[in-house]
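Take a look at the structures listed below.
Below, chain A partners chain B and then partners chain C, in two separate complexes.
Now for the complex of A and B:
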C-alpha cells in the first residue's frame, strides 16, 4: 500500500523533470495501453482466463465515444457532450465484456483464447466493412477528448494526469475487488472450478461478471487510447494491437496488476526507440528478440525477475 | 514489502535512465548554421513495404543530387517507418516532431495514415507536414489543415480523362466497374464515374472485399450489355481477377485503375498478361513517357538503384515522395533555409510554389494546399521485351474536384460503395 502510494507520488512529480514528449508519448501512452493490458492481467491472474478480446472491448468504448462526441469526422450522431458520451462508452464496453464472457463461458485455456480471438477479429472486420456506423477502413477521426479545467485533452500534462488518475483508481479497484467475496470466488474458479460449483456458487455468473469488469477496465483504456490517437480506425483493433496487449501482459508478468504497466512501459520504449537503436528496415527483429529474451529468461515476465531477485537476497 | 520496493526502484530506474539519455540528445535548432531536420515517414512493414522502400530510394537520390543542402543549410534526415496503420503512423510522427525535433515531416504513404497526420498537424505549431504518397481525397478536401501540404494528386484525380476516353473515344455506352470494397477504390471509382456518367454513360458496380481470391461469382454477374470492364483492383486481388477472367475466356476491352497497371502486376507471369496487353489506365505517371525530364529521372533511378534492389522504373510511391521532397527543397531555397518564425515564410513559400514534376507536368497547390497537376492516359505495350505502361494522352491541370465547382462537388458527398459519383449531367 505504502509502496503503491510512493510510486503514485513519484509518477505525479515525474513530468516536472522530463521533456513533454516523455510525459505524453512514453509514460502517458504506456499507462493508457497498460490499463487495457491490466484488464487482461486481472482476468488471467485472478480468474485464469487468458482472453484476446481486451483490445476489442477497448475498441467498443472508443467507437461508441467517437460516434457520439461533437466535432468527430465524419459526424455520425455527434453533439453528445463528453460528460454523457464517456459514461455511455464505458457502459457499452462493460456490456461488450459481459457479452463476450457469456459467449465464451463454457471454454477454457486455448479454446477460450481462440473464441475471444475470433470475436475480436470479427469485430475488427465488421468495423472495417461497415460504413454507416464505423466509417469503414478510414475510421472516425478528430476525436480530441474532453477539455479538462479549460485545457485541451491533447495537452501532454492533461493527458498524462488523466491517464495516471484513471490507472491509479482502476488499479486500486482491482486490488480491492480481488479481496471481496466475489474476487475470492474468482480465484477459487481459477484453482478448482468444480469445487466452487459444489460449494453452491454460480460459476458461470461469476465468470461473466469478471468479464464485465474487465470490459469496464479495458473501456477506460480504450477511451484514453482513442483520445491519444485523435480517433479510431479498424487498424487500432486489428490483430497487431490485439496481440500487443497480450505481449505487454506477458513480458510485464501475469501475477500482479502492476505487471501490465511494466510490460506496457517496456513495450512503448522499444516500440518508440528500437528504430534508433537498430537498422530501420529490421527494427522489429530487435523488438521480437528482446521480448523473446524476457520470456525465455523469466517465463513470468519482469515481475518474476524481481521476485526471484528478492528471494535470492533473503 | 521488499518486493514492492524493488518494483518501484525498477520502474523509476528505467524511466529515469531513459529520461537522462534523451535530455542529452535534444538540442533545439536555433542557430542559422544548424542543420535543417527532415523527418521521413513511410511504411517499411506491412502491405506497402516495397513502395515504402522505393520512397526512401527516390528521396535519397534527390538529396544526394543536392549534396544534402538547401538554402545554404545542411539537411539532416531522421527516418521512421509505420505499418500502414493510422495510429502507428501517428506515434511515429509524434516521435519525429516532439522527440527528434524535426522541422518538416515528409509522409505518410497510405490513406488512413494521411488523415491521422492531417489531424495531428493541426495540433503542431511551427512545424509542417508534407504528404508523402497517401491518396485519400478527404485529407485535403474536407477539413484541411493549415500546415499540411500535398504535392501529389489524389485517387480521384488520377482517374481524370478515363471516363471521357471510354465514352467518347471508345464509344462505349455501358461498362461494368469492378472494384475493391474500401476507401481508395471508392475514390477512383468516383473519379471515373463522374466523367463517364456526365458524358452519358451507364455503369454497373461490382464491389468485392480486399483479399478476395475467387472472382467467379463476380465474373458471372458482369452484364451482357457491358461494352467494357473497368477494373479498380490492385496487388493480389487484381492479379487473381485478371487470371480468372482470362481463364473464363473473357474478351471485353479492359480499363484499369491507377494501381492496376503497375510493375508488380506486369512482371508476374500467367494468362492475365495476354488480356492486359493494350489495357488503358489513368494515373500521374507511366513507365515510358516521351519527356526529357522523365527519361533523365528514370535513367538516374536505374543507374542508382537497379543493382540495389530497385524496380525497373520508379514506383508511384517513389515518384510521389520525390515530388514532395522537391517541393520542400525548393521552398527552403526560397526562404534561404529560414524555418524560424513559426515557419510562416516557409509555409507561404510552399503554398506559392509552381514547378514541373519529373513527368514534366506543371504543378501548383490550390487553396487547400492540394496539388493541381496533369494526369496521363496510359496504354500497356510491349517495350524492350517487357510489358510497360506508355503515355498516349494527357488531361492538363486536373484539380481535386475534377473541374466541378467545389461547392457542387462537396455536395455530392464522400465517395463510398453507395456513392459512386455516377450522376448524369444536369
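Now for the complex of A and C:
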C-alpha cells in the first residue's frame, strides 16, 4: 500500500523532470496500454482465464466513442458531447465483456484462448468490412478527446495525468474487488471450480461478471488509446495489437496487476527505441524473440524473475 | 437464373470448405494427440505457400510442366520441416503445459510472419497450375466452372480419406488414437510417444503447407493470409469438434457454406454469420458438433 502510494507520487511528479516526449509518448502511452493489459492480468491472475479479447473490448469503447463524438471524421452519428459519449462507450465495453464472457463461459484454458481470439478477429474483420458503422478499412479519424480544464486532451500533461489517474483508480479497484466476496469466489473458482460449485455459488455468473469488469477496464484503456491516436482503425484492433496485449501481460508477469504496467512499459520502450538497437523494419522479429525468450525462460515474466531473485537472496 | 446462382454459391461454398478442411484437419490432428493449440498454424500455411512458390516460379519460367507439382511437394515439405523443428526444439519438452505451448507458438508466428515479410516482400503471388487443372469445366445445368475449384474438392476428399485410412487402418494411426485417449498408458506400453508426436506434428504441418499451395493456386496470397487461415482453423475445429476428422469436415462445410452464402446475401455482414454459428455451437454443444466431452 505504502509502496503503491509512493510510486504514484513519484509518477505524479515525474513529468516536471522529463521531456514532454517521454511524458506522453512513452510513459503516458505505456500507462494507457497497461490498463488494457491489466484487464487481462486481472482475468488471468484471479480468474484463471487467459483471454485474447482485451483489445476487442477496448476497441468497442473506442469505436462507440468515435461514432458518437462531435468533430470525428467521417461523422457517423456525431454531436454527442464527451461527457455523455465516454460513459456510453464504457457501458458498451462492459456489455461486450459480459457478452464475451457469456459465450466463453463454458470453456477454459486453451479453448478460452482460441474462442476469444476467434471473437476478437471476427470483430476486427467486421469493422474492416463494414462501412456504415465503422467506415471500413480507414476507420474513424479526428477523435480528439475531451478538453480538460480548457486544455486539449492532446496536451502531453493532460493525457499523461488522465491516463495516470485512470490507471491508479482502476488498479485500486482491481485490488479492492479481489478482496470482496465476489473476488474470493472468483479465485475459488480458479483453484477448484467443483468445490465452489458445491458450496452453492453460481460459477457461470461469477465468470461472466469478471469478464464484464475486464471489459470496463479494457474500455478505459481503449478510450485513452483512441484519444492518444486521435482516432481508431481496424488495424489497431487486428491480430498484432491483440497479441501485443498478451505479450505485455506475459512479459510483465501474470501474477499481480502491476505486472501489466511493467510489461507495457518494457514493450513501449522497445517499440520506441528498437529502431536504434536493431533493424527498424524488423521490429516484430525482435518483439517476437523477446516474447519467446520470456515464455521459454520465465513463464511468470519479469515479476517472476524479481520474486525468484529476492527469494534467492534470503 | 436464380436457381443456377444458388447452385454456384453452394458450389463455391463447397470448394472453400474443401480448402478449409485441408488446412484445419492438420490443426485438429495436432490438437487431438498433443493438446497443442498451434497458433502458428497460419504461419505454416504461409511458409508452405511461399517456399512452394519459390520452387515453382523458376521452373514455371522455364516452362517445365511439372513446376506446379514440384511447388506442391516443396510447400508440403517446407511446412512439415518447420513444424517438425518447432515440435522438436520448442514444444516437445513442455508437453502438457498447454497454455505455455500456445504462447510459444504465438511468439513463433510473430517472428515467422515478420521474417516472411523480410524475405518475400509484401506483393501478392499466385501459383499457375498446369492447364489440365486450370481451365474451365462444363458442368451440366450450370455452365462453365473453374476446374481448379473442383480439383480442390478432390484434394480435400483425398486428404479426408487418407487421414481416415491412416488413423483407422495403420499401426501409426492405432498409436495416435490410443495417445488421444490415454497418453500416459501408451507411454507405459513402450511406445515412443515423443516420436509419434513428431510424426503427427510433421503431418499436420504438411497439411497446412499443402493448403498453402492449393489456396495460393485458387486465389493470390500475401502477408496477412496466415491470420485468416489461423482464424478459420480455430473456428472450424471449435464448431466441428477438436481432434475429430469427421468433425473437422462438418465444421469446414458449415463455415465455408456460411461464408459464401453470407457474402451472396449480405456482403459486409457475412463475417457475423460465421461467428453466430460458432456462438450457437458453443452455447449448445461446447465440445463441438462431433467432439467428445472433455
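The rule is short, and it goes like this: the second predicted complex is superposed on the first by the 312 of 314 C-alpha atoms of A that agree within 3 Å, B and C clash if a C-alpha of one lies under 4 Å from a C-alpha of the other, contacts with A are read in each partner's own complex, and residues count from 1 in each chain.
Simple rule for what comes next: a contact is a pair of C-beta atoms (placed from the backbone, for glycine too) under 8 Å apart; a residue touches a chain by one contact, two chains touch by 3 or more.
Keep in mind that this is a model prediction, so the values were computed, not measured.
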*Have a look at where A:129 lands relative to chain B and chain C in the superposition and call it first, second, both or neither.*
both
_If we overlay the two complexes on their shared chain A, which of chain B and chain C does A:202 touch? Say first, second, both or neither._
neither
*asked:* After the superposition on A, what does A:25 contact: first (chain B), second (chain C), both or neither?
replied: first
*Touched chain A residues, chain B compared with chain C*: B
*In the superposed arrangement, which partner chain does A:229 touch: chain B (first), chain C (second), both, or neither?*
first
*asked:* Once chain A of both complexes is superposed, is A:284 in touch with chain B (first), chain C (second), both, or neither?
replied: both
*Thinking of the overlay built on chain A, is A:308 touched by chain B (first), by chain C (second), by both, or by neither?*
neither
*When the two structures are overlaid on chain A, which partner does A:14 contact: first (chain B), second (chain C), both, or neither?*
first
*Could you tell me if A:265 is touching chain B, chain C, both of them or neither one (first, second, both, neither)?*
first
_Where chain A meets both chain C and chain B, residue numbers_ = 129, 131, 238, 281, 283-284
*chain A contact footprint on chain B (complex, rising order)*: 1-8, 10-12, 14-15, 18-19, 22-23, 26, 44-45, 53, 79-81, 83-88, 90-91, 94-95, 98-99, 111-112, 115-116, 119-120, 123, 136, 138, 142-143, 181-183, 209, 414, 416-418
*Can you check the complex and tell me which residues of chain C touch chain A?*
35, 37, 39, 90, 97-100, 102-104, 106-111, 113-115, 118, 227, 231, 234-235, 238, 267-272, 274-275, 278-279, 282-283, 286
*asked:* Quick check: in the complex, which residue numbers of chain A touch chain C?
replied: 50, 103-104, 106-107, 109-111, 113-115, 117-119, 121-122, 125-126, 129-132, 238-239, 243, 246, 250, 281-285, 287-289, 291-292, 295-296, 299
*Within their complex, state which residues of chain A touch chain B.*
2-4, 6-7, 10, 14, 17-22, 24-27, 29, 73-74, 128-129, 131, 136-139, 141-142, 154, 225, 229-231, 233, 235-236, 238, 240-241, 258, 261-262, 265-266, 269, 271-272, 275, 280-281, 283-284, 302-303, 306-307, 309-310, 313-314
